[in-house]
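Data block below; observations after.
Naming follows writing order (A, B, C, D, E, F, G and H), and every chain is counted from residue 1.
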Amino acid sequence: MDPQTPRHKSLAGQTVTVDLDRRRRCGFPEVVYGEGKTVEAIAAVFDEQHARGEPAMATRVSPEQAEALLPLLSGATYNQVARILRRESHPGRPRVGKVAVVSAGSSDLPIAEEARETLDWMGVAVTMVHDVGVAGPHRLPERLAEFEDADAVVVVAGMEGALPSVVGGYLACPVVGVPTSVGYGANFQGLSALLSMLNSCASNVTVVNIDAGFKGGYVAGLIATRAAAGTEGRRDA
Amino acid sequence: MDPQTPRHKSLAGQTVTVDLDRRRRCGFPEVVYGEGKTVEAIAAVFDEQHARGEPAMATRVSPEQAEALLPLLSGATYNQVARILRRESHPGRPRVGKVAVVSAGSSDLPIAEEARETLDWMGVAVTMVHDVGVAGPHRLPERLAEFEDADAVVVVAGMEGALPSVVGGYLACPVVGVPTSVGYGANFQGLSALLSMLNSCASNVTVVNIDAGFKGGYVAGLIATRAAAGTEGRRDA
Amino acid sequence: MDPQTPRHKSLAGQTVTVDLDRRRRCGFPEVVYGEGKTVEAIAAVFDEQHARGEPAMATRVSPEQAEALLPLLSGATYNQVARILRRESHPGRPRVGKVAVVSAGSSDLPIAEEARETLDWMGVAVTMVHDVGVAGPHRLPERLAEFEDADAVVVVAGMEGALPSVVGGYLACPVVGVPTSVGYGANFQGLSALLSMLNSCASNVTVVNIDAGFKGGYVAGLIATRAAAGTEGRRDA
Amino acid sequence: MDPQTPRHKSLAGQTVTVDLDRRRRCGFPEVVYGEGKTVEAIAAVFDEQHARGEPAMATRVSPEQAEALLPLLSGATYNQVARILRRESHPGRPRVGKVAVVSAGSSDLPIAEEARETLDWMGVAVTMVHDVGVAGPHRLPERLAEFEDADAVVVVAGMEGALPSVVGGYLACPVVGVPTSVGYGANFQGLSALLSMLNSCASNVTVVNIDAGFKGGYVAGLIATRAAAGTEGRRDA
Amino acid sequence: MDPQTPRHKSLAGQTVTVDLDRRRRCGFPEVVYGEGKTVEAIAAVFDEQHARGEPAMATRVSPEQAEALLPLLSGATYNQVARILRRESHPGRPRVGKVAVVSAGSSDLPIAEEARETLDWMGVAVTMVHDVGVAGPHRLPERLAEFEDADAVVVVAGMEGALPSVVGGYLACPVVGVPTSVGYGANFQGLSALLSMLNSCASNVTVVNIDAGFKGGYVAGLIATRAAAGTEGRRDA
Amino acid sequence: MDPQTPRHKSLAGQTVTVDLDRRRRCGFPEVVYGEGKTVEAIAAVFDEQHARGEPAMATRVSPEQAEALLPLLSGATYNQVARILRRESHPGRPRVGKVAVVSAGSSDLPIAEEARETLDWMGVAVTMVHDVGVAGPHRLPERLAEFEDADAVVVVAGMEGALPSVVGGYLACPVVGVPTSVGYGANFQGLSALLSMLNSCASNVTVVNIDAGFKGGYVAGLIATRAAAGTEGRRDA
Amino acid sequence: MDPQTPRHKSLAGQTVTVDLDRRRRCGFPEVVYGEGKTVEAIAAVFDEQHARGEPAMATRVSPEQAEALLPLLSGATYNQVARILRRESHPGRPRVGKVAVVSAGSSDLPIAEEARETLDWMGVAVTMVHDVGVAGPHRLPERLAEFEDADAVVVVAGMEGALPSVVGGYLACPVVGVPTSVGYGANFQGLSALLSMLNSCASNVTVVNIDAGFKGGYVAGLIATRAAAGTEGRRDA
Amino acid sequence: MDPQTPRHKSLAGQTVTVDLDRRRRCGFPEVVYGEGKTVEAIAAVFDEQHARGEPAMATRVSPEQAEALLPLLSGATYNQVARILRRESHPGRPRVGKVAVVSAGSSDLPIAEEARETLDWMGVAVTMVHDVGVAGPHRLPERLAEFEDADAVVVVAGMEGALPSVVGGYLACPVVGVPTSVGYGANFQGLSALLSMLNSCASNVTVVNIDAGFKGGYVAGLIATRAAAGTEGRRDA
């Protein structure tokens, strides 16, 4: 379940149900969509997952929610830019795979950070490449060496949303485009960037919803963990 | 380059340039977008790739184009439903990875076939699952066993475009949704299915353009070939 | 008249006119659309209907309006989630017919509750089925037995709005889809769910406006009361 | 399954599968969506249903298809305006329930006829009321007596799509609005009528897709057959 | 100039220029669009017009602006529902012509009042007919006698915007439809009503912008004053 | 009834009903919308109106339809540019009122001609002013003297649709804007011109549907005939 | 006047008026928009301009029109890709200024050629740079030296329309973006490229209509001819 | 880089990087997009540019930001209407070129001022022409003499956005249209003006994003500085 589909009823008097079977079915535990949830509801899920040794994560958590939750959840950390609250189950575990999160301008940073936190929670190694939008076309090539061996790249861009096409043209791995609502006027709250990415002339570009940093990171993380393991070996075994 | 961005000039009197460096940069040779190209232009690319031992492929090739091309290109085959013309370089090579192409209704078949041919050309093993749209909700679970170990799934659906969400809910691997223009009225030539897939409540669903069977297959193929090989091993080596 | 078309003038100094002929023409008394109405205007309608033994109901009533109205209207109750204020005329009367209100995620709850209160006010028996969205596709079949004998089903869903198609595929009765504005980005305030439901491949799905929980419940209630009575007998009599 | 979701593969060389369990699950046999199907595929479904005593129906059948099919299917009839081909299993069976199909202008006739044929195939009694659009506002009241006892009304209208609201204001039964693409300019192929019906100020109006005469008739038929039978009795029995 | 195009600069330090030639060119003095204007700017225009014996009017004036302006402008009156501030030059002058302002629901009242105040300022006799929306179809015919001799009718409606078509069907005079933004969901801030009115099947319906009560009233007033005078006589004279 | 709402059933075997009461209710006889009608249906209406001394008119009549109709209808004339077929009842009657039809470019001519024929059929005097679009801004002022005494002006323009605002700024009479679908690209089949006219900063501009030359002419004709007569006198009489 | 606004009436029997004052007002003679014009109308304009020593040009001329016109107009040439017919007045005159026309893919060639012919007709030197779309990001930098001293650059691109941003990032001169309708699905006939260019993060990018090769070339030509001359000198002189 | 693409990270703890190479590549120093930036980040850029003798400018700076910044930056000035903060490096330098900024109504003034400040910062001479919208069509011709020798004209207009076409028809120089979001209803936040300008029938009109006063001024400034210098001479030298 996408954190955008809250499962846990947060309205007063309603009980909380955690989908503890999630890791078996989907490979990763359930994520909490924090927007509109009560502090009690979020804390309950974190505690139940903690008891089972699962890492917990909630997206779109406001600073006010975080301020109330952090004292209740020992070991939890909050990234205000990404609006993500997390608690690691095995903090020191090694990273697998490699994903780059590439963003066009500094206003795209919150969505890029949401992707980065998601990947970190999945245990995937992440490289961040900021501020390489197409209007400064010399910037991206200078930094390609940092991520040309990535298993997947998340590209976050608003306004004209052209960056995924350019990144896709340089690399062979899958590129997950995340359009953002950064812009004004004929941007129409991200529609311009969304259409650009859907019409990308690069064959390796796919797209998620506007401002969907979590989903962009999640899909890239799935690709990277599978690439890291080598499923062919697993399937034959 | 997406086959939708024709590189080869097909207007009378113009020369043809094949991007023979493509496999090194992107892992696969260049694909020809057949729509509007002359028979001569397509044949020239196929011949040049054949001379170098590369498999050739052209998308959106009409039956009329194919009828003229097949006598010129020994060993080439044409799939009229998919509108794809191909010539294998090493016909007997073993398949790697595993991708399922799942489609909702029989009108979605041409786009599903375009994805299948693309995957076959990439050397990826494919499982086809037709006619499992959500209005007959018992159909999909009956066939899950055929592809639950896939590295990636391409889901092709028009009308309300709900199938990728349901497939995404059953499986842990990345799902590439391909909305089709199948439908009428408030479908708005595929907009309805496109928006559905972008708003999917399943975390593992990404989306490509309407009717973009080639791109859906291509991205799934990239995921599967990487998963099959296990990049972690390659990177450390 | 839909409560969305307020008949009673609530601007200062204007008189209130209740359509007391409504039950004869339409089968049910007039409903007050509470948004923007004064406390005095709503109270006057409730009192006039009470005097005639009619059950009263107002939709889209804010907590502030309800707090002022409850002391004035003995026997009235307020459902804050549904934003509905009601006063029963014959509290103990038996229920007729059977309608299920099925919702996809917990954010859809307010609209589902608006439908439920409407049906309760109509005297129709209601079964609530929450949190069975398509991304957890095992959830709906587990609960089908609770409502497979319903006369009509109201399905409330935001985001990709796929649930009515799936419910429609399992059942033979009419399904009234209520798209909600739950979602973000390419959801476009409910447009995505609306288009999905209009393009449903299930033949028994009809649609009402975005967030129109009252109308969804009302139409399902009309179907159920007629089914319960058996009009054929009535017409022949 | 909506006839808009063809189940039977009509591409050369593909086999035909009829969903013979349909009547048990959904109350009525499968309907064939004729557009793009081969004559052989349609004939095969009709024959298989005939063998089991099921009435057969295909929608969106062109005159060319019909001309080829009629000699093959004894007892079949074709309504060119509705584009529907049917074969009755029990031609003389009595009608149940009562549905009115009300249309605004003569250009809406093909969609109204599609609804009428569907209802006739379901065994529901139908009253047709043509040419009562709102610009001649005296016309509808003159004809109300013909259908004021209907179990459900299908209202077919293009252009401004206002007729369902007016019909809904006169009657207590459910009204299924079918917007048509009749109009030009700012009609945007039926969008204007669709939005009008979704925003109807009458509480008893629901909506189906643009030009969806089959679905409008089908839902009204479901309501009428249930109303005719009286489910309350059935459920208690 | 439409009051929507403010001519008078209201930013601090800027001078005010009144178009005192307006009555000669356009038949009526300039109207002030109050939104965003300073109290000083509005007062200056009113004073200058007063000095020349012109009636003054400002639209979209907030209660806060009005509270500050009324003590400065003797004889001025403010209609809070219409948000219009006016000062008559010749309060007792006789009315000419006849316009009806017909509205669908009570939420449309502010726009209807804006039209009424405009007509009153033009010196045109006005008949107000409220709450005759199409969902209560018996209401309009009951009141037709009040305005069947009007020179023009302004029809104000939100939601499905069907009322102008019905009014247009009953009468021979020009009908000016004013769509309002009243509604929610698929109303899209008045788009639904706007499209309905543009697609009206009544030949005598024209349309102005969403919520443009001033313009609707102004055009109807132009028609009525010309009809009252009889231009044929004037032209021949 | 707008000719866009055909009343006469033209499908084979259907009878024709002429609304002979139209002149009494609406001031003018019924107009036939020719598109899709049979030659027989159109001829029948013309003959019936001829028998009663009514002038007949059909819009959107193709050259093929006209070629077949002209030999059947003595005295009828066909304007191929306007696609209008007419038969005068009293050819020599004097014109009343005065309307100008002003158009922006020569591609707008068919719609301007449709308006002119409509006005001529109504017995209104018409002045045609072609080719005065805003990109040649000196052209309009040079020709103002030809129509500054008009009772109403119909302004026909495609592309940016700016002409009605400019005409409205020069004149005091009502301006009926008719947007046309002339243009390409971001014109979106007339949407650009339609929005321009709806947002006109001139207070005297109203709008009809895209390419609705008949309706534009009809409304202007209603204004002019009333202005010519002087309703005040009539009402007092 | 834009050639898209045909001034010359081409309907049978209408006379042709050439705006011979155009060069004085706008710097260049009138251009004929060929679409829908008769051969006679186009030939008449060319002859009149030839008599006065003006170069003639017509855009959007079909091969059929050209075939008929070329024998009539000695010295005229036709570019079938650009659909432009021209006749030079002073073939050997030197070029002034420098404009580059840069295009993304070979399907954009017709629009690029339309721009090139327009510039050539204006007497401006042109450099063509084809096939440098962003998905092959190494291609543009390799060719920058060819046009880095241009006075203005016209960038023609369809699909995601990203190329103007990248070109704008490399250069200081004005960039005129011409979006094309090349693409499919969520391209929406060029909307995607249009929005991209309007939202460009490069400060020096302006935009013209979809497929408006003539206008893109024309504006760039105006910039270049002014830059070449140096207006400062002219103004002071 | 467009100021809309902030390069300087303003989030707490992030360092600031100024693109000091900008003048060489693009002809002008970097501009700061002030919205959402911290006071410290903006001050740091201004100080660094001041140290190098560069003029500094920040757009979309709120009064609150300006109040905090002005005491820190000696010599800086703030235009509250334009929301621009600037510091001149060489205050007395002579102006080059000539640009006119023409606006339609007083609500368009903030965008016109943003263009004017940008041009002033570029060292270009500016002529302001306010309040010449098309509804008062006599106003523009009266003021043409003030700017008919301009190198480029920026035309700022909301509502129907017709002014650039009219200006373009009077002048031969490039016209940069800046649509504004001024208006209501069917204006759709500037969409109406944007489409008008893109569809302009004047050949010399290009367009930038809605409310993009900076970009409009910047492009006009580029044209004027090049025209002033005369590039032909420079290139040959």
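Definition applied: a residue touches a chain if its C-beta (ideal position, glycine included) is under 8 Å from a C-beta of that chain, and two chains touch if they have at least 3 such contacts.
Given the structure is predicted, the values throughout are model-derived calculations rather than measurements.
**Q** For the interface formed by D-E, which of the candidate pairs F-H, E-F or G-H is equivalent, sharing more than half of the contact pairs by residue number?
**A** Answer for D-E: the repeating interface is F-H.
**Q** Return the distance between the CA-based centres of chain F and chain G, expressed in whole Å.
**A** From the centre of chain F to the centre of chain G is 37 Å.
**Q** Determine the centre-to-centre distance between chain C and chain D, using the mean Cα coordinates as centres, and give it in whole Å.
**A** So the centre of chain C lies 26 Å away from the centre of chain D.
**Q** Roughly how far is chain C from chain G, centre to centre by C-alpha average, rounded to an integer in Å?
**A** It comes to 59 Å between the two C-alpha centres.
**Q** For chain H, which residues are shared contacts with two or more other chains?
**A** 1-2, 4-5, 104-105, 133, 135-136, 159, 169-170, 183, 185-187, 191, 194, 198-202, 209
**Q** Got a list of which chains touch which?
**A** A-B, A-C, A-G, A-H, B-C, B-D, B-G, C-D, C-E, D-E, D-F, E-F, E-H, F-G, F-H, G-H
**Q** Applying the document's contact rule, which stretches of chain C touch chain D when the two form their complex?
**A** Touching chain D: residues 1-5, 25-28, 31, 96-98, 149, 151, 169-174, 176, 194, 198-209, 214-215, 218-219, 222-223, 226-233, 235 of chain C.
**Q** In the complex formed with chain G, which residues of chain F make contact?
**A** 81, 104-107, 109, 130-131, 133, 135-136, 159, 183-187
**Q** Name, in rising order, each residue of chain C that touches chain E in their complex.
**A** Touch residues, chain C against chain E: 1-2, 4-11, 19, 36, 179, 181, 189-191, 194, 209-212.
**Q** Can you tell me which positions in chain B touch chain C when the two form their complex?
**A** Within the complex, chain B touches chain C at residues 104-105, 133-137, 140-141, 159-162, 165-166, 168-170, 183, 185-188, 191-193, 195-203.
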